[in-house]
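Multiple structures follow.
Across the two complexes that follow, chain A remains constant while its partner is chain B and subsequently chain C.
Up next, the complex of A and B:
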């Protein structure tokens, strides 16, 4: 046993059972006599077995010394502690297996550690800092949360000692990061972009229970606050207010979504490096997507090759494809607009990061910071908001909101050269679908309707999607009214859906993920 | 928004509509008609300034047409081409008297 002023460390050896428990307890109590409220640490490196008599000693010590830690419990001892619920009652650290990564292939470099391939189906993420256990615990927890919420990810199954720090062990069978697929098979760029965006949309479509993950917006506000002293006053304030104006969003964001963190294993696409998982608005995620594919290598293009393994031009092409798929548009203006907004947040992040890493003290750092800053200032002149999804309107499904819907649709049609007749038909069909939701989806309760408008070029086509979470109901299944009947024989009603079908080029319905989804298409 | 301009002389009435005849505004026309057409035998709906009609508007027209069939006649005038097409598609062009 050893002791210092601020804590008592007790080494337990061999076996503790009813035969020797009393003697050991006396010895422990002598060590602790006269002490109050000091941390007590039991080092179990050499403990082979502990019976219930021994466990009772621990409980009694815990009563007088609540700050009790057990370290280096062998797997046998750990199993006993876990079965009896002791791991819930006190802090218990396992004896960690020691793993060497010497000579192992580096397959990823993250903010907190390096990922090595140890053998064909095992990788270990070795953390940089010595007190990484909390980080490891955090990453395991968020990875588990993501998996439960439906995000395909790898969860580490063991924690090991790597040098002076710790590592997380994962099973990754023949997994390849998207970065190497793009580097070795640039012809697969379309496939990569589609899979990369599908996963990204899945992440951004995942609602996270409140309080489970940090809010990325808070982090980004922190970056902008840091930037205040490095930007002209008006520009700094504008940046901060634009970020603050981004609404809170409870959907998941990865936080470091670059092509080394998306892996192909078999035919499954997996997300790794989960420690930055958060909730927030997609613009913050797109900022790091931009940085990883272009931003940080904008001044020195060779940096992209050395980090991701593919050329800067491939990164450029990939980013455009990704944004196009993500936004569901081929309109270059729209893509440019969203990329620019992502750049605003992206440059902010990189400048702050560089300054904090003493970038202002080196020539290369100063050149980079000046380069990014010039671009940032220009963008702050051009844009007043970071939002890019005004293509969507969520409104209470009540009749009085019809003018809001009409205004929303009209605004979108203004941007096209939509002929008056088509304009009226689109508005008509939208009204009929909306009124249908108002009357049937939630009655007698209330609910909301989501409306999305998308205008695509070449050929110009307007797509309007209505979503509601009311009772499943396919309005298209209803039989068309007989429009040849005379006035006296005509029913009053039933014309709305019929008109919609007749005037649109395509009308479709599906019930998916608890939502009625009705889509209208009109070619212009 | 829907503006309704009424001109009534003896048993003849002209309702000139301007704006939109939709779910929200149709009840206005319905009420205006109800209040005025009891003794009318000759009803004209002037759609010259009507930009928009939805099924809710069609319902009001059909119901007015049925009422007028019993007590006289109704015609619809100055229909623009977009609304005219809606009448075609729904068979209203065969029911209504359109000038």
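Up next, the complex of A and C:
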């Protein structure tokens, strides 16, 4: 028994049953005699069995000493305590299996800990801080939430003791991070970018029930507030107001979406390292994507190689491909614009981090901070908002999504000086095509439609492309309806496509890579 | 709290229906028990000595018809065993003078005496432990001699360090096959004397087992088939979860609910009246039981 800070610690050993319960109880009574309301801790490391005679002792101690904790209960003892309701009455901590990671291959180093491969299908994430249990619990909860919401991720199935701290055990069969695929097979960059973006879009398309995850915007506001004293007053205020102007978004963001956290297991792409999971606007996510692929290695390009394993140039190329796919555009201006907006948030984060970690006293810290600060200030001159509209929208082909589509097209038209009549014609035509996909492409099954909008400057022209993976169907092959016939004699349908052809400047169809691709063009 | 109840005359009455006197393995005499019950402000109580109704006769003779005395329900706790396990079955409100219950008491006493004699023989044959004949006579003259008494004797004559060690290392070593009162015999005896049979500390079997879930339910179904009428859902050793589970069983199998501490005086660390019930409105199934008893 030991007493620290008035807490009484009692070690229980062997078995407690009717044979020795009375003697053990007397011993405990002696240890607790004369004490009042002190915390009591039962250490069950060496307890093999507890019968109801033992449970009664715990219950009686609990009555006199309400602040009672049990630690290191073996799984057998824990099960008894759970079934009898003791785990609901007092704090009971399970004993954790001890796992050694000595000599194990390190497959990842994160902010919170190191990931080791223990054997062919097991990895353990060993946490750095000794009181990691809460962090582990948090990560398990959010990972479970993500999985329920349809995000493929690895769920830890056990918590173990690793050295002085704890580890979370995952099953990961021959999983490879995208970083090593890119490092070893740069020729697979297109495939990697596509899978990486598909998963990212899936995350950003996932609505999270209110209150389940923190809002990344709050965190980013915190960074910007920290930056106030390091930026000229007007620039600091502008940065903060730009971030505050980003609307609240209930869709999921990962928070640390870099190529080591995206894994290929078999033919499934998995997301790991879920402790930063949050909700928020995609620009905040793109900021960390930028940082991980370019930002933090902008001054010293070798950093990317040492962290991700591939060259800075590969990172550059990958980022451009990712943004192009994410935004659904090949327009370099558009890609640059969104990258710049991501950089504003990205630099804010890195400058703050550098100040906090290395401080302004070290030469390396000063150099980094000055470098990023100069860029940030320049960007704050150029931009007034962090918002952007992707040129591509993927949505379930159901009628309820029509307003989403209309809003998406409208946003793009706002950027042009589109006459009201043309606008109406575009909206009408888009509705016709979308409703066609909804009704016929997948029936009776369900599927998705992808819509791309491009606005070109010279001549001003809007191009809207609809893609679906439904049955091949060329709506243009159908003969135009005879509009000279009376209403009764006319064939039903076909009128929508007819009107579309009439009002658009060009309508074309092709079937390619298993997709129906219908393109509308309207000159403004 | 628990299920919705109507107000009853038992609201705000403290109740403890499970306690032991020196007649069995408690440390208080029946007189002391009565004094402590009054001191604790308990309004309705029962003395439930193991396999003995003697204490109830004594308590009855001590009670005056004045309104100040607490209400007393005659009680007993039979130790039973069948091929499936051990049970403690409480009997309440029986006539202590009637034959059926006294037959069970006598049966229990006889079996117990056989066991004590058998154990003493075993200790002599297996380990060579001998005791003076007057000590053995004294032991056999006790109302309810058992393993603890033999253990004390062993300590007294230097065969063991402590009563617990004596029981663990010697008395329990040789598997002793004795005769036991069967649960159906106890239940029949209680019913035959106008009493209500109730299963004591159901989850803990005869005291130190842990019987949960389906096994518990199967026990209740079997005992109910023999005529069991109630369960001790409020018990000093139960957690809220266990108590609530037993209340659910009582609802499912239409059984009365009782409350007991299992007070043993200084022999066990249990306070009189400690059973998780407290003052305040009582569950419907307990009110119905109490109405039957008083």
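Please note the rule applied: the second predicted complex is superposed on the first by the 353 of 524 C-alpha atoms of A that agree within 3 Å, B and C clash if a C-alpha of one lies under 4 Å from a C-alpha of the other, contacts with A are read in each partner's own complex, and residues count from 1 in each chain.
As a convention for this text, contacts are C-beta pairs under 8 Å (C-beta built on N, C-alpha and C of every residue); 3 or more make two chains touch, one makes a residue touch a chain.
All values reported here derive from a predicted model rather than from experimental measurement.
Asker: Check the residue A:52 against both partner chains and state whether it touches chain B (first), chain C (second), both, or neither.
Answerer: Once the two structures are laid over each other on A, A:52 reaches chain C alone.
Asker: Return first, second, both or neither, reflecting whether A:421 touches chain B, chain C, both chains, or no partner chain.
Answerer: first
Asker: Between chain B and chain C, whom does A:88 touch in the aligned arrangement: first, second, both, or neither?
Answerer: second
Asker: According to the stated criteria, A:22 is in contact with first (chain B), second (chain C), both, or neither; which is it?
Answerer: So A:22 only meets chain C here.
Asker: Between chain B (first) and chain C (second), which does A:403 come into contact with in this model arrangement: first, second, both, or neither?
Answerer: first
Asker: Is A:109 contacted by the first partner chain B, the second partner chain C, both or neither?
Answerer: neither
Asker: Give one of first, second, both or neither to describe whether A:60 is in contact with chain B, with chain C, with both, or with none.
Answerer: Second partner only, chain C.
Asker: I'd like to know which partner A:394 touches here: chain B for first, chain C for second, both or neither.
Answerer: neither
Asker: What is the shared patch of chain A, the residues that chain B and chain C both contact?
Answerer: Correct list for chain A: none, the interfaces share no residue.
Asker: Show which residues of chain A lie in contact with chain B when the two form their complex.
Answerer: Contact set of chain A toward chain B: 399-400, 402-403, 406, 420-421, 424-425, 427-428, 431-432, 435, 483-488, 490, 492-493, 495-496, 498-499, 502-503.
Asker: For the complex, which residues does chain A have touching chain C?
Answerer: Those in contact with chain C are residues 17-23, 25, 29, 51-53, 55-56, 59-60, 63, 80, 83-86, 88-89.
Asker: State the interface residues of chain C toward chain A in the complex, per the touch definition above.
Answerer: That would be residues 162, 164, 167-168, 172, 203-204, 207-210, 212-213, 236-237, 239-242, 268-270, 274 of chain C.
Asker: Show me the residue ranges of chain B that touch chain A in the complex, using the header's touch definition.
Answerer: Residue list for chain B touching chain A: 20, 22-24, 51-56, 58-59, 62-63, 65-66, 69, 81-83, 85-86, 89-91, 94-95.
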